[in-house]
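So that you can tell them apart, the chains are marked A, B and C in the order they are listed, and the count of residues begins at 1 in each.
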Amino acid sequence: MEKLFNIMELLGIIAFTISGAMVGIEKKMDLFGVMFLGITTAFGGGIIRDIMLGNLPPAMFESHRNIEIAAGTALLVFIIGYLTREYYSRHLDMIETINNVFDAVGLGIFTTTGIQIAINTGYGYNKFLLVCLGMITGVGGGLLRDIIAARTPVIFAKHIYAVASIVGGMSYLWFLDIDFQQSSAMTLSILVTFIIRILSTVKKWNLPRIN
Amino acid sequence: MEKLFNIMELLGIIAFTISGAMVGIEKKMDLFGVMFLGITTAFGGGIIRDIMLGNLPPAMFESHRNIEIAAGTALLVFIIGYLTREYYSRHLDMIETINNVFDAVGLGIFTTTGIQIAINTGYGYNKFLLVCLGMITGVGGGLLRDIIAARTPVIFAKHIYAVASIVGGMSYLWFLDIDFQQSSAMTLSILVTFIIRILSTVKKWNLPRIN
Amino acid sequence: MEKLFNIMELLGIIAFTISGAMVGIEKKMDLFGVMFLGITTAFGGGIIRDIMLGNLPPAMFESHRNIEIAAGTALLVFIIGYLTREYYSRHLDMIETINNVFDAVGLGIFTTTGIQIAINTGYGYNKFLLVCLGMITGVGGGLLRDIIAARTPVIFAKHIYAVASIVGGMSYLWFLDIDFQQSSAMTLSILVTFIIRILSTVKKWNLPRIN
């Protein structure tokens, strides 16, 4: 179980790092900027969650390993971006789509792992707090990425973003409640968030708006 | 006393939610964006204060009630905004004025309640910290609102904003010092902040600036 | 030793306050805005560091003295800016250069003092955390300054910024490791950060970028 959790977290870190690094390249940042933005996207949500929980210093500083993996991932994205730069500039739409998928994977994973960490810290009795912290963990990194890169935060511009995280988080608590195994609950709730995000992008679902 | 405090806090939450939701509508955000911005404006200052005080997790996560009220308020603002949308777009100045009044109510209430919470947490001896935390509680939500909505933060664009909060906060400590009842001290200091804010808007008071 | 540390911290506060206040004047902020931006630049990095370390409330609220000095410094910058306003607008390049030097002084000092504070708090065994916290302390104030002033954060726009802080921080730990006196280690590592920053500006060193 511990193991599945670590693998999931690692996948989330890699997915968000890729998404952040791609935004950095799009914004013509230099190598450091691309790596910084990738790492911030990957760890920002978790840092905000740990601050909220009073888990200080934040867990990410406990070990190098995850940051090294994120740094390596961002470097790789930069190199691939460099090698394919011709192709890159002519296919921005496709790049954006790929980025969206990685972002949705990270959103799903971090929502669920964020809730699990809050449960481990002893807040299992407060479901409202759990869902909030899951959303903060899932959404925080992308929000920081967009503020730093001076993009309109995806959370407002895109269809059903935080809502996907909230629904995914509630589904995790519900799966645990009806006695699913933790590994199944985790996997299923990640899929819930991921599918809602992707469907809402593909189908262009929109929340009402006043024009 | 406890009761007055809770009523005041609730009024502050409602006032700031309205102000945040109105900015969201103005920025053409969708329903979720409007609700998120309203809730962030209402709770942002308190979250920053609780982080500074090490009161973690922040108090807002302890109970649903206040968030439910904020969510309901924001929804109501959205519906009213929708029903009056014709009128809305032709009277932006008036809308802005209404928004300003709610913002000033929230600023006054949160400055004073922020100080009281810091006193309750045991920092009554450090008046400098108290006034700072009052200002952070009062100003924080609006600052987050403006950063997220990509508006020039009101705190810089508008006449005498944080200054009103600082003076109001000092007046609260002073009223307590000269042995006013807590309820009177609270009410009066909220009025101080509110009146300074409104007067400085109406009279267009300005701080010096280098052109 | 304690004394050297306090003097260094004070110099860092003054340098960053000047840098923040100058950006405020450049952005046509009013007196309060200029003072607020100067103070935020001076204390922002330390507040973020203290939150990360769980040192709450942040050290800056413990005493007035440093804030009074920062406020006085910002006021002085405002007055000088006012008296030389004719000159100012015709020599923006020179102003920018002066600002850069103060920023580099602050970066060097805060990187090193940030690490020392983390060591004092008991994290001497985790060198990775120390270098991260040094960078956060050094870079945080300028990052907040640029976000609030809606400038492109210097950390991305300028050559070798956070990198200078990271190298300077590592050099501090290395100087301590090879048994330099703390005062020498501090002075030398501040010089390392400062020299890297200035050289990279003068020589226009750049990190690779994808065009």
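Here, contacts are C-beta pairs under 8 Å (C-beta built on N, C-alpha and C of every residue); 3 or more make two chains touch, one makes a residue touch a chain.
Just so it is clear, the model here is predicted, and its values are computed rather than measured.
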Exercise. Is it true that over half of the residue numbers where chain A touches chain C are used by both copies, so same, or is it different?
Worked result: different
Problem set entry | Rotation angle (°) superposing Cα atoms of chain A on chain B, nearest 5 | 120
Exercise. Which integer distance in Å separates the CA centroid of chain A from that of chain C?
Worked result: 31
Seminar exercise, completed: Shared-interface residues of chain B (touching two or more other chains) are 51, 54, 147
Exercise. In the complex formed with chain A, which residues of chain B make contact?
Worked result: 25, 28-33, 36, 51, 54, 56-58, 61-64, 67, 78, 81-82, 85, 88, 147-148, 150
Problem set entry | Footprint of chain B on chain A - complex, ascending | 51-54, 123, 126, 128-129, 132-133, 147, 152-153, 155-156, 160, 162-163, 206-211
